[in-house]
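Just below is one structure, and these are the notes that go with it.
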């Protein structure tokens, strides 16, 4: 990762809408060529932050520089950023060519250059040349996405801001466009800031993920950090399903001693690298991802840590089978995901044993 | 209305000619005047407010050519409305007006029209019938004339002799006869239908009236509306109804309604005046006159237009228009009419009508009478 | 729809609002005030005397015929509103639900008829309805006696003219509110077993109420101002308020009285609007609590 | 089931019948006028005895026909331009923005719509005569233009507001983002997108002004337009030329309405293919 001066440097940004505070002391830096994803549930402030970066909203407090220039009071039209809108905002009264050419036309580029650049962009976005004269309404959803991307990239901005542009698409189209965006990012080397409520999408695309909640940034880090080393239960639960077991920890030197009802471990001690930062002794949560759990009816099948319970229900998801197991002493059903087979290893009501490696446990803040 | 202006001016700003060079005047010149006129190719342009007929090309054209002038015309649809328009300040835009004589007569004292010197128009008066010669009382105020008479006729029942005998209408009695219910058409021309009804009630409406007399007028109008089928402002509707018998008589129209029908060959349609009743003439002589508006930029040309209108040749033309045909005061014009035209105009009957008629003059109580008319009309339903 | 808050220092806002506001203030609000002031003056020999008294108003309130004309006008206006709504409902319903393919053609035809000169159309009606008009002519050729109908010159003819000139307003307002009704609601009613008529009665009609009220109010207020219809078609024997006002200004040249009568008509219109507004709010609040 | 079918038949008869009936109703006087415009006779009664173009000739020869035609055209064009411009600004301010005194602004710009035209004309006439006496001018075509603009602006505003109501704000954001300044955003994005509304408002405004009688009647002073020309003509009884005039005056209205329809259809065709997602 590039550690030189960041392209975007936002410090302690506050944003008020009347009495409502949408952003609280938000700081974010984005480096040249980096792909940062802002994720969080709706209302977490990610779109407000994006709009402040784009210049559609003023910030109420803090500072913002882009490309080394102070951005306070600079209108969006004068910023080196371009935005891809959630609803795409393609101009319905202009053809594909006119849509893509719009920023260049406003910049009064010569016609030859405009035509050449638009052609290049269409090629880059795999848009057929024949589409140039079509109107947006005559294109499919995916094609419209590509036109929107082409329009925002055509004037070679330093930063591309994407405001959940894929949220309205069906799963298949979404996947293919995610790949497209990833490829585009690699090809052009522009910094991308991508807002989404879908952490899976963020993990797939981004170099760095920024999880937000209620106007604050909870955690910023590489996708694997976010997945395996979440700072708290909210971040952990934001993607997929996970098991959070209430626990008490103590911190003897060089490790963590934990104790959780229903869970028996041969040696209930973890390394400090298996805990979220700043974790104090006391109440905490033990996280174990469902795919790390081995499920068996056979008592002999042993692991470092074991829970025993009764199958409440299971779903065959295709590639995997998800079990929900009631473990005495644990309030919520424990979820285990085992590789799919035509013969499910256990049936509803069976007593099963859940085992996993001690190294797959992670201790984090309860919240 | 002048008072209105002065009153309004009293609210703070004085009417000043200072502004003549200012934006308001410029705007007036650009819009108020400009749009209404044809592009002025002639040396002088004048604005003329008149009844239909005065605007005929054959009348205006020669005058324009002879004087290198351009006339723009504004047609009157209702005398009071025309008066109101001029009084509301419109007189500043106009040079000449031809309207009903009581209204022209009012314009002198109201400061809208110039007084005309009888001497200056001696030749014109000399060509008139004796009845119209100077000093012509109906248009005079304190010995000064406001305008010259240009067209005239009489008001009395207009009858289709295919349906009714003329004798039936030797008085207005049938108006109140149940047999004529829903067969009477009253013309919606301001005071025109009121005056004959007042006369029928034995009241001379052209003098100061007391409450008892106004009450009589109210009674007679109430009775009239019982038989009235329609109050019509549209002359062609009245004429059509008279032809097909839906209306057995038109009240308040007279010769002005008849002539066009007679011209089209319907000489069974006639306007007559009822016989005098208890010494009170029942007919009414109406007249139009032409005057020069105050402050005209071309006083001489304006007076020339008045002379033009009363000259025998023009009089004949003026008498004979598309929509109506009317008598003219010019005696010298009489020989220029064909026999057929004379018949259409009922010339053989004109002096009899004249003798049995009142002159349509300024009625002091016209506002009360109009209010009563309105009131009775509203109550009639 | 984003709420873009604008400050009055915003140039776009000034450009968009100030000229038109100035126009309306100076040429609509001020004249209205002047009219009120004028109604407190008196008149003598066709001239306004700047006297500041209530004589005109006393005159207005003591003369029954002004009020009988007002009453007549309101009656006619209400009749016109009722007819317009009754005629418009099936027309608008048909346009929305049955005639999708020709809907636009019908709309264009109606708009065209609506936008042509009202004086001429009124005159056209006279030619049609007259004793020697087209209608009687046609009736005669198919065997009815001469002058089979006699429609002109009565309040009915006035009403016909009013409905003719104002009908498009209700057609379009009701059309707009019907077009906004979610088709699924109607299907849901069918699904629940309601017949077409019942569905119309229970679902469509209540949902079209905003259009019915808006159109009705518009027609009512505009009815207060008609005079051509009563003058040309009605035969002038049952004058309406506007004709009274015209006569007062033009024939009687009594401006204070005309101004006072104008204000009376405006007041009737404003009260109606207020009443309709209150009714609308009341109906809506009832719907809210139900 | 049969009852339902019967109801259906009845409903169809009522519905189709009402549309047909209303169309006939609307066109009765118009067709009557066209018919009578070719009548030879001075008195317009039916059946028509002879056909001729006589009254068209008379109309063209009438002294005040041409000025009236020109006045109508000037009045309608100028009023249309102003009413449409005010309508655009007003509609955007009504719908898209929030500002202090907005309610007052909305009331002020809407109120004239609810005024009987004659009364609107009369109160303005009173005001113009006062102004006239102060500033020494008298009402004319220009005061009629002001009257028409006051009367027509609310119509234009409402029509454009309907179009603005469906406006997607992010399109303007996108244009700003692409580097457009305020004027460019308005010219390149806002105006083209609300253009169908602006266009219909302009057509409507033109025709309202073209056919307006009441306000012109009160405010035009000595200037005469086609409707007031007709009214005064009918009053003095030279009516045979008016069916001809009516027939001619339908022509521009017909052209404009037709033009609007063509334009609307073209715009609809452009958006014919529905978006395949969303």
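Order as written gives the chain letters A, B, C and D; numbering starts at 1 within each chain.
By our rule, contacts are C-beta pairs under 8 Å (C-beta built on N, C-alpha and C of every residue); 3 or more make two chains touch, one makes a residue touch a chain.
Everything numeric in this text was worked out from a predicted model, so none of it was measured.
Engineer: Quick check on the contact graph: shortest path length from chain A to chain C, in steps?
Structural biologist: The fewest steps needed to get from chain A to chain C is 2.
Engineer: Which chain has its C-alpha centroid at the greatest distance from the C-alpha centroid of chain A?
Structural biologist: Of all the other chains, the one whose centre lies farthest from chain A is B.
Engineer: Looking only at C-beta pairs in contact, point me to the busier pair out of C-D and B-D.
Structural biologist: The greater number of contacts lies at C-D.
Engineer: Closest chain to the protein's overall Cα mean, using per-chain Cα means, please.
Structural biologist: Taking the mean of C-alpha atoms per chain, the most central one is D.
Engineer: How many angstrom lie between the CA centroids of chain C and chain D, rounded to a whole number?
Structural biologist: Spacing between the chain centres: roughly 16 Å.
Engineer: Could you work out how far the Cα centre of chain A sits from that of chain B, in whole Å?
Structural biologist: So the centroids are 91 Å from each other.
Engineer: Averaging over Cα atoms per chain, report the distance between chain B and chain D in Å.
Structural biologist: Roughly 37 Å separates the two chain centres.
Engineer: Could you grab the centroid distance between chain A and chain D? Build each centroid from C-alpha atoms only and quote it in angstrom.
Structural biologist: 55
Engineer: When you check chain C against every other chain, which residues touch at least two of them?
Structural biologist: Counting only residues that touch two or more other chains, chain C contributes 130, 132, 232, 249, 255.
Engineer: What are the residues of chain B that contact at least two other chains?
Structural biologist: Within chain B, residues 4, 8, 78, 233-234, 240, 244 contact more than one other chain.
Engineer: Considering only which chains touch which, label the overall pattern as line, ring, star, complete or other.
Structural biologist: If you draw each chain as a dot and join those that touch, the picture is no line, ring, star or complete graph.
Engineer: Taking the top-of-page definition of touch, could you list the pairs of chains it picks out?
Structural biologist: By the stated definition, chains touch in these pairs: A-D, B-C, B-D, C-D.
Engineer: Along chain D, where are the residues that touch chain B in the complex?
Structural biologist: Residues 42-45, 58, 61, 63-64, 67, 70-71, 74, 129-130, 132-143, 145, 221-224, 231-240.
Engineer: State the interface residues of chain A toward chain D in the complex, per the touch definition above.
Structural biologist: Those in contact with chain D are residues 54-56, 75-78, 81-83, 85-87, 89-93, 102-103, 106-107, 135-142, 144, 151-152, 155, 168-170, 173.
Engineer: For the complex, which residues does chain C have touching chain B?
Structural biologist: Its residues touching chain B are 41, 44, 46-50, 63, 65-66, 68-69, 72, 126, 130-132, 147, 152-153, 155, 231-232, 235-239, 244, 247, 249-255.
Engineer: Which residues of chain D touch chain A in their complex?
Structural biologist: Within the complex, chain D touches chain A at residues 168, 170-171, 173-181, 184, 188-189, 192-193, 195, 270-278.
Engineer: If we count contacts the way the header does, which residues on chain B are in touch with chain D in the complex?
Structural biologist: Going by the criterion above, the answer is residues 4-5, 8-9, 13, 15-17, 19-20, 24-25, 27-28, 30-33, 35-38, 47, 49, 51-52, 55-57, 60, 72-75, 77-78, 85, 88-90, 92-94, 233-236, 238-240, 243-244, 257, 260, 264, 322-324.
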